[in-house]
Structure formats: structure tokens, C-alpha cells
Amino acid sequence: MLEVRDISKWFGGNPVLHDITFRIEQGEVVGLIGPNGAGKTTLFNVLSGFYRSKTGAIRFKGEEISRLNPEDICRKGLCRTFQITKPFSNLTVFNNVVIGALSRERGIRQAEKKADEILDLVEMTSKRDLPGRSLTIADRKRLEVARALATSPDLLLLDEVMAGLNPNELKGMIDLVKRLTELGITLFVIEHIMTVIMGISDRIIALDHGELICEGPPKKVADDPKVLKAYLGEDYVAAQG
Amino acid sequence: MSSTLFAQLVISGILLGGIYALSSIGLTLIFGVMKIVNFAHGEFLMLAMYVSFWLFHSLHIDPYLSMVISVPLFFVVGMLTYKIFIRKTIGAPILAQIFVTVGLSIIIENLALLFWSADFRTVSLAYLSKPLIVGPFPGLGLEEIIVNKARFIAFFLGISLSVAFYLFMKFSYLGKVIRATSQDRTTALLMGINIDRVYTLSFAMGILLVGIAGALMIPIYTVHPFVGFEFVLIMFVVVVLGGMGSIMGAMIAGLFIGVVEVFSGFLIGPESKQAIYFLVFIAVLVFRPSGLFGEKGEEELERIEAIGE
Amino acid sequence: MNKGAKRDVLILIAGVAFFALLPLFVKNDFYLDGFILIFVWGAFAGAWNIISGYGGMVSLGHNAFFGIGAYTSTLLFLRQGVSPWVGMWAGAVIAAVIGVILGVICFRLRSHYFALATLAFGQVASILALNWRGLTEGAEGLTLPIHPSFTKMIFATKLGYVYMGLGLLIAVLLITYFIENSKLGYFLVAFRENEDAARALGVRTGRVRLVAMAVSSALSALIGSFYAQYLLYIDPSSVIRLQIAVQVALFAIVGGVGTVFGPFIGALIFIPITIFLRAKLGSALPGLHMVIYGGILILVLFYMPKGIYGMLREKYFPSSRIFK
């Protein structure tokens, strides 16, 4: 589904991503973890076309996409959500989703039909006619997912859609993510909450200081000393011996 | 072109540029700190010219002395303008940010027209009437160079005040607070800086600076209600060229535009010169939105902030 | 069609009928002139609204497109004998091409920077009109000979201009309505609301804005041509000075940006004020009407940011699909 080879990104003189290489297979749920500033969102920005990598290649469904714009990448079936949610504040939840659907659907009517289906799927039908600005954090995150879903993605990049939710909301979001996998959508997920990411991912990729430090099944990554070091510091790892 | 003529043009250009620099600094300060383009800046300059004109005309106060009155006056005008109009536009949609000051400029311009009519008014000072003759400098191969006294004074005071203001911004506590706020509003807020007060003071200082510029310009230019519009366009060019928000940039760009204007006026005629520098202006906006002399990367930083991490 | 939409259509038909029939009963040229100006400025503000209202790209350079229309049709007629009916389309094409070029160059600029760049563009156009004397006769302007004839788009009575103006206005309103209810409108609004989110959802924000810019500038030029035919005399100050760009923006903002009828409502309010003040005061208090314009503009921005029609629509006309 997605093949990433040797991509790098600098801001000024600082490498934020350095020679990142990995693959994501059809139907997988891959988690992306790493401490703050590790480069997770930057990686999403590169994959979704908001940043350009000066090196390497990104192949999506066998096609080179590293030179494409975000809008064209989305139309190829790779869609992302934003960690800092970006609802269209003055439009209703429904029309937020309609706009997502429009890039794939032929006309407004078809897009509206699709939007209603999606609102049903993400259980937001009751908020259908509220303006985007009036939503709670949890609903904003849900709207991010709903809109992205409306673009009929094959691969969906979820950027911290569970951050800042209360336990109840969190459970709802986990259910939603599971439903997405049942629909056959491949997921690449940034998440801070370890138990959650371990639970939903088939495989995990860990970043630290822009480097890919570990990759594998959740259990293996969780026990990897480099990951522990990145999260907890040298001393902790040494003390655990 | 003889070397004397060349030197004459350069000197005229630099003298002109000093005026542009001083009047643009306020505009760039206001943009840098509160990210608002003050479309009414030219109209405040026009008001300042009128103030000095009327003080001279009715009370016989020398325009250079009138600064003693216009400086505090325009500081207060700036403060009130901020509190009544500008404050409401901070964080408002772009339409409000642009058109509130556009509306202000329409109101001020036409009030001036109502009260003072469209007549052209000038202040001529006897002691300035004879130009300074510099030279000849046989060693440099230059003949006599003519320097307009009023322009020389305006340049000298304008540049000194600009430099003083630059130093003030760089080293004084208030200057540091203002610069901190313009770099990162949120962090400044977290550091306990009273943003609203910084904005009030910055706007007031920006307007105060055109108060000074007005007094320096009235012995040189005629004042009429539409004079602000003529100058504000040049100020935009200077500010964009210097990098929006950069005081040093505005000073350099002011001098640069002064020289460009004098040369292009001489070489291709006064009518087309404006068109030329507006085209330069668009080119700079497009290819180097941070300005020719501004710091790089502001645009990119904004992008990074917008999409996270 | 739901009940609300039905009522809207009825109101619309009544409105069109009102403006179509009323001029027949008005015998006074002074008032007919008022109608024509309302239609011209309402239509022009509507054209501006397409890119700046729906698309959120605030242009301060639309005077250039208006002027391009006025000068193109007038010059083609005076120099080549081309009928203004053809010339106006030539102007529209030129304006659209220039609009698209301006868009390609300047759309990467954000908010204030774009406004400043278009301001400079409009100013360059007006300087050219003033100084390219070989083409435009500069400040002396161009005069169209008064020989009423339909093929020359010169009407014998004001009524002819009234109906042509009304036709243009209705065309602009229909186009705007069509845009608002099409992908183009949804995408423009998405861009205006949040560019990054729009792009992430597959909205080709560049292309969408270029289309809007082309439509907006072409319509502005068409209206400019018509205005020239009405005045029968054009000079830089009547068709291309910067104040024109500010004025259309002002009408649209007060009426309601990003709405079908807002810009027209703006013109409907402001033009009578202007005419009334001019008639009452003559040249006694020059600039008074502009002071009032500026005051209303600021008040609306502060207390009614959606504009007059924007507020009405929220309360009484919830039938628009995208704005509920």
C-alpha cells in the first residue's frame, strides 16, 4: 500500500526527519509513536504532501506521490486528519462532511447522501446541523475522522485523534477506529496513549529525534531498550538494568 | 550622465528616502507587532501635515517647533484610535482587519475635505528658501551640488530619529517587550506581558512617528486631503521591501526607494516611475514576501505553526 | 422544493417584477439614473463578491478589471468600429486572462499580502490608463459619439439602460446562485474557512480560486463596458481609479459578503444615500457622503460582520444549502 524510502526533512539547519524508510501493507493498522518533537506530525505532513522531502521516494499503491500536492494525494486515496483540529467553523457538521465527500462524488446530492451515511457511521447524526465552531474537542476529533472518511480513503493517517478525550469518549473513538479497519481501510495512527496504541496496532513504528529507531509488533517495540530510552531517558533504562 | 549629475541624483534620492524611511517605520511597527496593515497611515500623515500647517498659519509656530505639540498630540490620537477602532479588529476575520482601517482612511480623508476643502496649502519658510551649495570637489571630479535645505533637515532629523527609535526598540525594556510580543504573542502572554498595553503603545508610537514626519514634510510638500493616499502607497512599497515588521529594513528600503524614485523619474519620466515601483512591489511580495532586507522564514514559520509540530 | 425555498422563489420573482416594472412608471430621468447606478454597482459588487466574498481573497484591485472592460469596448469601437456588443466580450476575455495571471502570481500570498498586491496591481492599471496617452488619451478621456443605435449599444432613452443594467444584475445574481450551489462554491467556501483542511480533503484550492477569479474579473469587465456605454465618456477617474475598488468592496461588505444578494443590497442602500446627499447639498459639503460610507462600513464590520443580508438570511432565509 505505502512504501516510504529514505525521506528527510530539515527546518533551517535542523534535521526533523532523517532517512526514514518503512512500508505499510494493505489492511494493516500501523501505530506511530515517539516522544514530543520526534517528528511524527512532520512525517504525516510529508506523506500527505504538505511538506516536500528533498530526498527519497514515497510510493502509494505503486505510484510515486512525493511530488504531489496534498489535494491530489487525497484524491488518490491517502487522507489525513489534523492533530490541531481544523473544522470549517461557520459550516454545519453536515456540510463539513459534504465537502470531504465532494472531491470524490459527482454532485452535491450524491455528496450529501454520502455525508449522511458517514455521519451515521461515526455516530454524529445528532450533531448534523451544528456549526463546526460549536463542537467539543471530542466531536471535533470525530469530525476530522468523518470528513477524511468522506473522501473514500484507502489509507487514512490519524493524527492523535484520541488526545484530550475523557475515558468514555476514548472508548467511543477506539470503537470507531476498529470499525474503520472492518471497512478495509488501512490505518496509520499517531497516538500518545500507549495502552491504546498497543491494543489497536498490528505493528508499531517508533521515531526519536527524526530517526526511525524501532519497528515491529507492539510487544517487541514496547520492550525495545531504544524506545524505553527515548521515552524515559538513559538513567531509567540503566537503573532497570 | 556626468558624475556631478549622478552625485546630485544620489543625494536627492537619499534625502527623499530619509523622509520615506521615517514615515514608514510606524507602519512597519504596527504591522510587525499586531499583524495589521494600517491603510489609514497616510491619512494620519496628512493630518500631521495639516496640524503643522495650521500651527504655522494661525499661530506662526515654526513647523520644526510644532513637533513639540504634534508628538504628544499624535501619541494620544494613536492611543484613542487603537482603543476605539483597532482593538476590535485584533483576531477578527481578515475582512474586518483590512476594511476597518480602510474605512478610517475614507473618513479622515473626507473629513479633511469637508473642513479644509481641496485647496493646496504650503508653508514656505524664508530661512529655507536658498538652497545649500556643496562643493565643488575638484578632487572627486564633482562640480557644485545643490541641496534643498528643508529636505536636508528632514533627512537629517528623520534618519536620526529613525536610528534613535531603532536603538530604543533594541535596547529599552519597552522595546524588548514589544519585539517579544511581535515574535510570539502567545509566549509573551504567558510571560505576563500585557498584550493590550503593548498594542496600545505600539500603535500610538506608530502614529506619533507620522506626527513627526508630517512636521518635517510640510516645509517641502503641499498638503491637501488626498496627500495621504499618495504617500501611503510609497510607504507600502517601503515596508514590503524592507520586510513587513522590520524597522531596520524599512530604513534601508526607504533610502533605496528614494534613490530609485529620483533616478527613474530622471531616466524614464515622472509619470511611469510609480508604475515601475509598484511592479517591483508585486515582484517582491511574490518572490520574497519576507522583503529584500527582512529576516527570512517568517512565512515558513507561520506554515509550521498552522499545520502542527 | 421545501416550503422555505418556495417562499424564497416567490420573494425573488416579486423582487425581479418590482424592479422590472417600476421603471415603466417612473418618468423622471433623475430616478431612472438612480436605478441604473444601483444595477451597475450592485452587479459589480456581486462580481467582486465571487472571489473576495466566497473565496475570501480580498481584492483591492477590481478597479482594473472594470477599467479594462470600459476601455476595451470603447477603444475597439472608436478605433476599429467594433460594436460594443462584441467589444464587451473582448474586454471580458482580456480581464479574465489578466485575472488568472494575477491569480497564478499572487494566490500564494496570504490575506493582507494579497490585498496589498492587488492594490498595487489596480494602481499600476490606473497609472497606465493615465499615462499611456497613445492608447487611452490619458486624463482627457475618451468620448463616444451620441448616436443612439442598438447595434452601438447606445440607447435613446434611459429605459434602455435600465433594462440592460437589470439584465446584467440578474445575470450576476444567477451566476452567484449557481456557484453557491455547485462544487465550485463549496470548494471556495472550504478554502476560505480553512485552506489546510480544504487541501487535505482533496479541494484543489488553486484551480478553484483561478476559476472564481476569471469569472469575477470577466463579469467586472462586462459591467465596466456597459457603464462606459452609459456614460458615453470615460476617463481614468470615472472607470479605473482605486476608490472604485474600495467602493465595490464596501457595498458588498455592508450588504453581506459571501451571499447571493448581499452586494446588491449594499448598492441598494448606498446609491440612494449618495444621490440624495448630492441632490440636497450639491457641492456644498464635499466628501460628506464618503464620511458616511466610511462610518457605516466600520459600524457594520463591528456590529454586523455578516452584513445586512447575511443577518437576514440567517433569520429568515435558511434555505441555502451550504449556509444553514
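Brief remarks follow.
Every chain is named by a letter (A, B and C) in the order it is written, and numbering of its residues begins at 1.
We take it that contacts are C-beta pairs under 8 Å (C-beta built on N, C-alpha and C of every residue); 3 or more make two chains touch, one makes a residue touch a chain.
It should be emphasised that the depicted structure is a prediction, and the values quoted were computed from it without experimental measurement.
Of all the chains shown, the one with its CA centroid nearest the global CA centroid is C. Taking the CA centroid of chain A as reference, the farthest chain centroid is that of B. Averaging Cα coordinates per chain places chain B and chain C 33 Å apart. Chain centres here are Cα means. That of chain A falls 47 Å from that of chain B.
Chain A and chain C, compared by their mean Cα positions, are separated by 43 Å.
Residues of chain C found to touch two or more other chains are 196. Within chain B, contacts with two or more other chains are made by residues 307. Chain contacts: chain A has residues 50, 82 touching two or more partner chains. Those residues of chain A that touch chain C in the shared complex are 48, 50, 69-72, 74-75, 79-82, 86-92, 94-95, 98-100, 102-104, 107-108, 129, 147-148, 150-151.
Every residue of chain C that touches chain B in the complex is listed here, in rising order: 56, 58, 60, 105-106, 108-113, 115-117, 119-121, 123-124, 127-128, 130-131, 196, 242, 246, 249-250, 253, 257, 285-288, 290-291, 293-295, 297-298, 301-302, 305.
Remark: chain C residues 181-183, 186-187, 189-190, 193-194, 196-205, 321-324 touch chain A in the complex.
For chain B in complex with chain C, the residues that touch the partner chain are 31, 35-37, 85, 88-89, 92-100, 102-107, 109-114, 117-118, 225, 229, 233, 236-237, 240, 271-272, 274-275, 278-279, 281-282, 285-286, 289, 299, 302, 306-307.
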